[in-house]
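Naming follows writing order (A, B, C and D), and every chain is counted from residue 1.
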Amino acid sequence: MADLTTHIGNLTLKNPVMTASGTFGFGLEFADFVNLEEIGGIIVKGTTLHKREGNPYPRLAETPMGMINAVGLQNKGVDYFVEHTYPQLKDINTQIIVNVAGHSIEDYTACAERINALEKINAIELNISCPNVKEGGMSFGTSCPMVEKVVGAVRKVYDKTLIVKLTPNVTDIAEIAKAAEHAGADSVSLINTLMGMAIDAEKRKPLISTVTGGLSGACVKPVALRMVWQVAKAVKIPVVGLGGIMNATDAIEFMLAGASAIEIGTANFIDPAITVKVAKGIDEYLERHGFKSVKEIIGALEV
Amino acid sequence: MKKYIIDFCVSSNEALGNNAILLKLKAPGQMPEMRPGQFVEVKVENEPNTFLRRPISINYVDRSKNEMWLLVQKVGNGTRKLGELKAGDTLNCVVPLGNGFDTSAVKGKKVLLVGGGVGVAPMLMLGATLKAEGTTPTFLLGARTKDMLLEQDLFEKNGQLYVTTEDGTAGEKGFVTNHSILEKENFDKIFVCGPTPMMKAVAKFAKSKNICCEVSLENKMACGLGACLCCVTETQEGHKCVCTDGPVFNINELAWQI
Amino acid sequence: MADLTTHIGNLTLKNPVMTASGTFGFGLEFADFVNLEEIGGIIVKGTTLHKREGNPYPRLAETPMGMINAVGLQNKGVDYFVEHTYPQLKDINTQIIVNVAGHSIEDYTACAERINALEKINAIELNISCPNVKEGGMSFGTSCPMVEKVVGAVRKVYDKTLIVKLTPNVTDIAEIAKAAEHAGADSVSLINTLMGMAIDAEKRKPLISTVTGGLSGACVKPVALRMVWQVAKAVKIPVVGLGGIMNATDAIEFMLAGASAIEIGTANFIDPAITVKVAKGIDEYLERHGFKSVKEIIGALEV
Amino acid sequence: MKKYIIDFCVSSNEALGNNAILLKLKAPGQMPEMRPGQFVEVKVENEPNTFLRRPISINYVDRSKNEMWLLVQKVGNGTRKLGELKAGDTLNCVVPLGNGFDTSAVKGKKVLLVGGGVGVAPMLMLGATLKAEGTTPTFLLGARTKDMLLEQDLFEKNGQLYVTTEDGTAGEKGFVTNHSILEKENFDKIFVCGPTPMMKAVAKFAKSKNICCEVSLENKMACGLGACLCCVTETQEGHKCVCTDGPVFNINELAWQI
């Protein structure tokens, strides 16, 4: 067996496979199918300062090789997480990472501060795709100054590994990643969902309650891979790659493009045991190609 | 209940009326425990237009043959593809999912099981389970027309069967809520699965008579595991997942305007 | 039969189905499969001022429900078009539209001027996804000032219908569309390809010579539909919708989202007779729903 | 030549060695005109991972049975799916595509047809056509090992057959370019289809002997119609489309460094 250990800043992962926020619950939902301790890291549901009900139903539309969701960050709030969920997770022997979301800088910092106090949580993933309610509703992640502001503010209150999750709905993803790096991020993860839309032609109605929503799944892989490649060339911090990873080959492609670790999202819905299969598949690939460590394939694309 | 990902082997695929099929699936090993009202998420293979799994109720479990039955109505690409399955083919299922019907306090009580269209599917397993537990249920099934009534013979084996058809070709003419049995007998509990308007009509009736009533919802699902939060329904306590908090809900939990 | 006539500025199309540039050659390549005169409009291959050899092979990678191409505007130049191709096209009884590309504003204007002189060509589609070689290689279509400059310059020399084709690789497509409208475009068409990438994991090499390329096909439909919807709300000029249209239902979705006409691209490769099938399918839909004219469904989405 | 989109009906699908299959396809109406070296673009159904059509050479046309043959090696998702086709299934093809081999000036000349691996496919139709036109060809087929040689019996019917295998299990041991027949006989024209290194080796030989040589290329294709410009190869006159200017090129046209 090859050495699958990889690093995201100070964070050590036993293998590069993590779960994408919002697609794996808190991990416990999948415990019947996989040994959670065989997963490199579990990134839990997006958590906000206050409880959120999320968007009205319908929240889901299927698209060619993908899906659009409009969950809208439904969650019970950080206090509930700290009091009720964290105790159930803290003894799982893998990295548990909290995905932190918000609609103002104060939301983000307050939430990050609460998580900072949790002993067994060594990293947060900052979801900056959320609309900035105070500044006109544009997503935090779409402008460099806003990225610097929110990341800088969280950096001040959070002293463990800070991963910033980027939205792909931008003109120049490399510039955004550099802004996050500059503001103190230890890593960037990408991509969050592409903004998409689906229509029921017969009923002449949108298929989801919010009209537009987040596209994910196999269909987004080419875009995600391109962005990971562009970002990995632009920044010095480690990159976490995701978007449409359905199998080990896909995961390896992201690592070749420059990702130090990967996340699996929508694929969990199609095969709830996919995470450990991907970890095994990466190992097989490394063995077959004579690599001793997974680190040898990070950014190993020959161009 | 522990969940599994299982490659079932198709024993048979029978075409029924109303564009429906009855799939009998053999478990390769021990058949998991499952309760009436639970469902499976099936993976449709060889279908470019079906990316996600499809939720299908457990219609019946024949432990003597180690078989699970699914009653499927062909409405789109995924279900049509299931219609093409042949004996010997494999069908990958995540099973069992959801809460199931609450049968804990019905012993010796008068229980009505109402099914509409392909919503009859979970009622067969529910009826058979109740009967095995010593409570012979009454079934009331509704359909647009005679040919759309499914599995009548099987229901009859498990209790008294009444039917309604909208065109009067079988049973009483009209909707299930018009059936005379509802006035003739006093039921202690009603279980319903079918189109939403039908479920709401039955729920309204039950509420007016103060009868305990459970309905099985069919929201769109991605994971079936309570992870994605796509399948929510509005309840008295806010959004709840139909896949894990449901699919069965007591009508008093829901935010239905009835 | 319903009335399928639709308008793009002063341009009248007998039905809303056009062909996307670069996917239908000059139309003649498909004459064995469809009656070209049953197509609403034929948008021919991207044409530049000078002949271009395009990118090296390989130029194509298949992706989930899509493909990436890196043709790189191979074409024989506008003079060849005027002298050799135009004579073959001018008597086809449908709208022939030339897709004009360039790497500097002078390229665009010189090319548009030549086309302006052609009697039977009533419109051009300005492809502003090309890199602006003089200003650092960023695509013309990714910044509002550059869009205004190039569209304004072409507007001065081109007096028939000017359609501006937008790139989807931007943060705010509505702003870009408004810039094109402001600079005098008669219409905007969208989307051009999403920038994507594909890797051969076994060989650890990119699958196309240019590493990244343009993603098209069914997989991009949700993004395209969302952008058409956003743009149709933002501008007053007619919108032409495209991106992943594979059948009549897809085409209808774009029209419901606000498109006055649609283009079919990659689908031509899978079914060379798809254009006329889509036109017939739209007609059937209109009949089934009791619409007398296709104009009734433009922007008819109920939200 | 006029092109058509045709739903062929699978008459038979025979498994051959080397992971290959021989598909015999019946035309529902008149079989179109086609030339040796031309190809079809097939639409692979029920395969989520195959979005574009797949180019496959015309292996043979049996006009007595109104059948077109395709010889397909299973290398990926699309070709594997073709391997699952059963008699009676439909296969949608765009046909005929490409230029085909130039057989105009070979009458009475000594002609060598070289095929490697599944590259033998177009050589059968070419050989049969030449023979029918009165020019009995010589075939030289190469493979890694004996079991990978395809359709030998059919080639033998149309001309003299020589083979090489890399492991010596059939014919002469080595590559086609090592075969003694190349030294023994003087050929006027050579046609080649196979892996690129093999085609280049034969081209080099032909060039050194000043023999007219045509090769059939297998670039990746999207449209097959000269519309997308994805399939180009470098030629003396710049980029040319393999799907319309080829797939057959005279080696002097190409920019090969040989």
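As a working rule, contacts are C-beta pairs under 8 Å (C-beta built on N, C-alpha and C of every residue); 3 or more make two chains touch, one makes a residue touch a chain.
Every value quoted in this text rests on a predicted model; they were computed, and no experiment measured them.
Asker: Identify the chains in contact with chain C as well as chain D, in label order.
Answerer: none
Asker: Could you put a whole-Å number on the gap between the CA centroids of chain B and chain C?
Answerer: Using C-alpha averages as centres, the distance is 48 Å.
Asker: Report the inter-chain centroid distance for chain A and chain B in whole angstrom, where each centroid is the mean of the CA atoms.
Answerer: Spacing between the chain centres: roughly 36 Å.
Asker: Chain B to chain D: how many Å between their CA centres?
Answerer: Each chain reduced to its C-alpha mean, chain B and chain D end up 55 Å apart.
Asker: Residues of chain A that contact two or more other chains, please.
Answerer: 63-66, 218
Asker: Find every residue in chain D that makes contact with two or more other chains and list them.
Answerer: If we look for residues of chain D contacting two or more partner chains, we find 48.
Asker: What pattern do the touching chains form: line, ring, star, complete or other?
Answerer: Ring.
Asker: What chain pairs are in touch here?
Answerer: A-B, A-C, B-D, C-D
Asker: Would you pull the chain C residues touching chain A in the complex into a rising list?
Answerer: Listed in rising order, the residues are 63-66, 68, 142-143, 169-172, 194-199, 201, 204-206, 211-212, 215, 218-223, 225-226, 229-230, 244, 249, 252-253, 256-257, 285, 297, 300-303.
Asker: Which part of chain C faces chain D closely enough to touch in the complex?
Answerer: Residues of chain C touching chain D: 22-25, 29-30, 32-33, 45, 53-54, 56-60, 62-67, 69, 71, 74, 217-218, 266, 268-273.
Asker: Where on chain B does chain D make contact in their complex?
Answerer: For chain B paired with chain D, touching residues are 46-48.
Asker: Residues of chain D touching chain C in their complex?
Answerer: Listed in rising order, the residues of chain D that touch chain C are 2-5, 43, 48-53, 94, 219-234, 238-239.
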